[in-house]
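Structures incoming, each one as structure tokens.
You will see chain A twice below: alongside chain B first, and alongside chain C after that.
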Partner chain A sequence: MSTATRARRYRDVPAALIFVGPAAVGFLTFYLWPAIRGFYLSLTDFSLLSAPEFIGLENYERLIGDHLFWNALLVTLEYVVINIAVQTVFAVLLAVLMHRLTRSMTIRSIVLLPYLIANVIAALVWYSMLDYQTGVVNQLLEWLSVDRVAFFGETTTAIPTIALVNTWRHVGYTALLVFAGLQAIPKQVYEAAAMDGASEWKTFWRVTLPLLRPVMALVLVLTVIGSFQVFDTVAVTTTGGPINATRVIYYYIFEQAFARFDFGYASAMSFALFVILAGVAYAQLRLTRASQSDLS
Partner chain B sequence: MTKARRALAAAAALGLLTVGGCSGSDDSSKSASGTITYWLWDTFQQPQYQACADAFHAANPQYKVKITQYGWDDYWNTLTSAFVSGTAPDTFISHLSYYPQYAAQSQLLDITEQVKKDNVDLSQYQNGLADLWVDQQGRRFGLPKDFDTVALFYNTKKVEEAGVKTEDLQNLTWNPTDGGTYERLIARLTVDKNGKRGDEPGFDKTKVATYGLGLNSSGGGFGQTEWSQYAFSTGWTHGDKTPWPTRFNYDDPRFKQTIAWFRSLVDRGYMPTLAIASSGVNQMDAYGAGKYAMVTEGSWNTKSYWDLKGVKSGIAPTPIGPIGKRASMINGLADNIYAGTKNPEGAWQWVKFLASPACQQDIVAKQGIVFPAMKTATVEAERAFAAKQIDVAPFTVHIKENTTTLAPIADHWADISALMTETMDSILSGKSGVDSLDGANRKVNEFLKK
Partner chain C sequence: MAIASTPQAGADLTPPPPGRPRSVRPDRRGVPWGRIAGWATLVVVMIVTLVPFYWMLRTSLSNTRALAAGSGELLPVDFTLGAYKRVLGLSTTAEAVSEGGSGASVNFWLYLRNSVIVATLVTAGQVFFSAMAAYAFARLSWPGRDTVFFLFLSALMIPPIFTTLPNFILIKDLGLLNTYLGIVLPGLLMTPFAVFFLRQFFLNASHELEEAARIDGAGHARIFLRIIVPLNQAPITTLAILTYITAWNDYFWPLLVGKSENVRVLTVALGVFQAQTQRGTPDWAGLMAATLIAALPIMVLFAVFGRRVINSIGFTGIK
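Right after this comes the complex of A and B.
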């Protein structure tokens, strides 16, 4: 490195600080500091209204023996698997359809519509539409001579129902992200594929998907982490029930903190979740080689 | 992409900073200028307490009361965060399931001295209500403001269609073995898709159009409107004493029999499964849609039931149980004062006014929305309800016949409640038997020893 480039580098520092500053302040104040403090609180017995009392690893010992914590992780995992699998397949499908078949802005907007509805509203409307006795969906099922289903009420169907309601809301947004990725794929490769006589199906598997990989990696990391954080849909519909069938990890943490005033234990669970999510995100990025593109 | 995200993060950070900068000027923080802040959760009751606030201001011009309302779900979270940040209201309506926790954490003002100094007569309130607001150390945190009991709400049209006379609803009997005339009525009111009634041969319990009795929830460890009226009528109570039991009685055979009977209504198709009841709309809306012929409900919801479109309701008293008497839980609210209030004298004057005839008898009773806690205000309240064509005698009969049982109030209630909700949900959905109550009760008693 020559002295000239190094000097230029330092000359850029003030300007860089101006640009990075606001984000850095936000990051330090709203992410880094609360995270550090959260970790400290996880080592304490803290009931919010009196001062925290240091108890070492007691909360973590309790966590290992708490069957509801493990149940919450399992329930959350079930939710994530259903939510991400269905959402990703439909999002890619929608994106390819938008890419290959239409240039209409209207259709692209319609795809995004559910995402514009607040989560809580979407959840409440689905909750009443899916009601066993008065819900319009069950009325339709009856006309089709199918037995009514207590979607949110049965332990077996509650989590899939919540996962699909949120899929419905997020699929359009995810499709738009994938769609943006599709537009970055050069036209020439499609022309070349067509020239070689590749079918639409083959083009999708051999050209589109491989070239979409970096975008898909990013989309998956974002949606998986977002999916782990499911909370509001549960909070306004099943509140963790029936029994413990929908007591997802975020809701359990919320209950421990705000209903039972056990902030220390809630912090310990949050920290455990942080470690798990960091691991998941790292594994995903490595497995999908997100930083490399097959285009270059 | 990364650039765009970073820009977004910066914008978000700036946005948050701005918001954070504003929150200092929250209008809910108390002021020293003689304005007393007061929080409540029930929109139906806001007008009557506003009227009390106006009357209080007229009598004490140096004080002004500012009322803020939050929905029930936000209320307790908002209040808790307000305690933490020191911006809690001077006074607020409180509930038995929350106040012990706040009291234990020194957030509430002990008013024992004030009550003694001002000679507040505690016998003017319905029996037992005043005791609920004294903790185990003998500190008083509130004066009773209202009371509530439980009764049956029935759909008059469905009762008529079943050929049942409304007089027959007045003296129903119940026992945990065969359910008595009460269960026969519930069976009669249940109708399947083919129009067959629950007490007729050929009744299809898998295709029920109208359930004889609605279901709100499993009731958890409280069961206020779900099963407490049956369990109490066997002589059972939640704990060995109330308030502040030293052990709970969820393993008592009488309680187990009651719950087994309650669960059997589901098996017979007379009451919806917990899955159906918790699959979307709540008990009141399902009743409003004609899916339930009867529900057990608390007196605080009376106006909401009368406001339902398309359904005409009547009220009947809870059935007479094995001990030869009816039973109902009695519960009541009170106003608490924040320990950190800048104006303890003004707050006390306001709370005392809320617990006085000037507010309860002259204003609240006349609205016909709740029953004020003062004995002398009950007749006035009955009259106000009657003016709206609502006969509330089924609620007040428990006062007259002295058949009320106080709501359970205990330390560690949040933990007990979480455990019992899980247990009762499981029993009511048939995933475990009533014998699982033995283990649950052991754990509940361990919470009490903490």
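Right after this comes the complex of A and C.
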């Protein structure tokens, strides 16, 4: 390295320290250090009252034998599957409809609206609309001569209900992500398909969907990981019940840490979740060949 | 182009007849059933999207005691503004109870103020410090720059709960539980997303103005504040709006560190209000009035900046 380029390379160091300083402090204090500390805590017995006591892998052994942990994972998985399946189908449908029919900003705004209000609010509004006694949905069911349903109150319906409420909140956002992907597909591809006499249906399956694959892969990784983190809706409606039907993993961790003050065990579960999510994301990216595009 | 499923795509290179809109296929069968079905589906989706908002309003203007009997009515049942008065602490206990309230004192003005304080502090700090960092990553040359940037980005992979538990312990050890500072601190200095987002834009800004300013003797602070920030006003505003909405809607963190009344934000207050009213018949009108108050500021923000937010969605996908 010549002295000139070396000088150039180091020219901005003092300024860089100042500019990156606050963010670096934030990163070290609230991201990097807690991540390391979180892993360490997972190897300890820690109740907040006394100093953490190192116990090796005991928390992880306990986790393997804890049927509530596996139940939480299973419940979360049920939630994720319903949430993602319904949400993805509707988001793609909505995005394609918008793409083919209208450029209206108003429609796009309406579609996004539920995403802008808090989870807590979406949960409470649906909680009131789905109430067994006074909810309008049950009133509708009665008019249709169908039995009333305690949507949040039965073990079989609670998770699907929560999954669909959150689908309502997120589907528009996901649709707009897919929509952005659709806009990147060149018009000529559609012109060619139309000239070959391909129907809308055929065009969708043979042209749109294959070309959308990289975008869909990214959208799926993001929504699946987000979906695993369901908490707010459970916290303000069912609080884990009935029985353990909605005790999702985030809620179970929250309870272990803040109701039982078992921070060591809660940290171990958080780390397990971290590993699971990393695995899920990796598998998804491999399966969907996310980094390769068919457009080129 | 490598599209296996349309082998004839390149065979016929005749341009399409002029004047035929791309999205409308030539209509050979008379009635365009496809388009009608498409629009019908869109309209149904719009209705399902909007009805809960209307129902929020309708229920909030009802008398809770009359709701059970009139659960299917489209208009407010026994119209009253009582729920709003109750939620904003403007009605007496007797009034509140007579309309189905719990009678417990609630004051959403306070929570509204707390939410404004928290969301404003987080937005101002996070956007400003992240912009500074983005400037260092995009426009300054220093050894280790790309490594540090990659390290920042890798934090996007960590599920929030993993860092939330130790962060709670830190805030507790610092004695900042139930203070505004404790609520805002983790998001005040940066998020990996904000740095990444702004860096993308700062990279693209032209170097000419910057060089000219440097020749005129401008320092980095001046270049940053007078050139980079004004040139990137649009993405900075977009980021600020997104940050504000995220901070406003956050529930988990403020629930952990800010449960006490004086710093309680709206989302947490809604959860508490819900839990209090749950025994017996919930005060639905009060609850819906409260949710509407909590949602309104974001709706207003969206009404003003909606287009910007929508146009940024494609980009925020990486969030």
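The working rule: the second predicted complex is superposed on the first by the 266 of 296 C-alpha atoms of A that agree within 3 Å, B and C clash if a C-alpha of one lies under 4 Å from a C-alpha of the other, contacts with A are read in each partner's own complex, and residues count from 1 in each chain.
As a convention for this text, a contact is a pair of C-beta atoms (placed from the backbone, for glycine too) under 8 Å apart; a residue touches a chain by one contact, two chains touch by 3 or more.
Keep in mind the model is a prediction, meaning the values are calculated, not measured.
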Task = Determine, under the contact definition given at the top, whether A:S47 touches first (chain B), second (chain C), both, or neither.
result = first
Query = Touching A:A193 in the superposition: chain B (first), chain C (second), both, neither?
reply = second
Inquiry  = Is A:F27 touching anything from chain B or chain C once the two structures are fitted on A? First, second, both or neither.
reply    = both
Query = Who does A:L116 touch here: chain B (first), chain C (second), both, or neither?
reply = second
Request  = Give the label of whichever partner, chain B or chain C, reaches more residues of chain A.
outcome  = C
Task = Considering only touches as defined above, state whether A:F258 meets chain B (first), chain C (second), both or neither.
result = both
Request  = Please work out whether A:L218 is in contact with chain B alone, chain C alone, both, or neither, and reply first, second, both or neither.
outcome  = both
Request  = Identify the partner contact of A:Y132: answer first if only chain B is touched, second if only chain C is, both if each is, neither if none is.
outcome  = first
Note = So the chain A residues that chain B and chain C both touch are 19, 22-23, 25-27, 29-30, 48, 127-129, 131, 133-135, 218, 258
Query = Mind pulling up the chain A residues that touch chain B in the complex?
reply = 19, 22-23, 25-27, 29-30, 47-50, 127-135, 150-155, 218, 238, 241-244, 255, 258-261
Chain C-facing residues of chain A, complex = 8-13, 15-16, 18-20, 22-27, 29-35, 37-38, 41, 48, 90, 93-94, 97-102, 105, 107-114, 116-122, 124-129, 131, 133-136, 138-140, 143, 168, 172-173, 176-177, 179-181, 183, 187, 189-196, 198, 200, 206-207, 210-211, 218-219, 222, 225, 228-229, 231-232, 235-236, 250, 253-254, 257-258, 263, 266-267, 270-271, 273-274, 277-278, 281, 294-296
Task = Quick one: which bits of chain B touch chain A in the complex? Just the residue numbers, please.
result = 1, 6, 9-10, 12-14, 16-17, 77, 80, 83-84, 101-102, 105-107, 272-281, 285-286, 289, 291, 414-415, 418, 421-422, 425-426, 429, 431
Inquiry  = Under the stated contact criterion, what part of chain C meets chain A in this complex?
reply    = 1-3, 5-6, 8-10, 12, 14, 16, 22-23, 25, 34-35, 38-39, 41-42, 45-46, 48-50, 52-53, 55-56, 59, 67-68, 71-72, 129-130, 132-133, 135-137, 140-143, 145, 148, 151-152, 155, 157-170, 172, 185-186, 188-190, 192, 195, 219-220, 224, 245, 248-252, 255-256, 266-267, 270-271, 274, 281-282, 284, 287-288, 291, 294-295, 298-299, 302, 306-307, 309-310, 313-314, 317-319
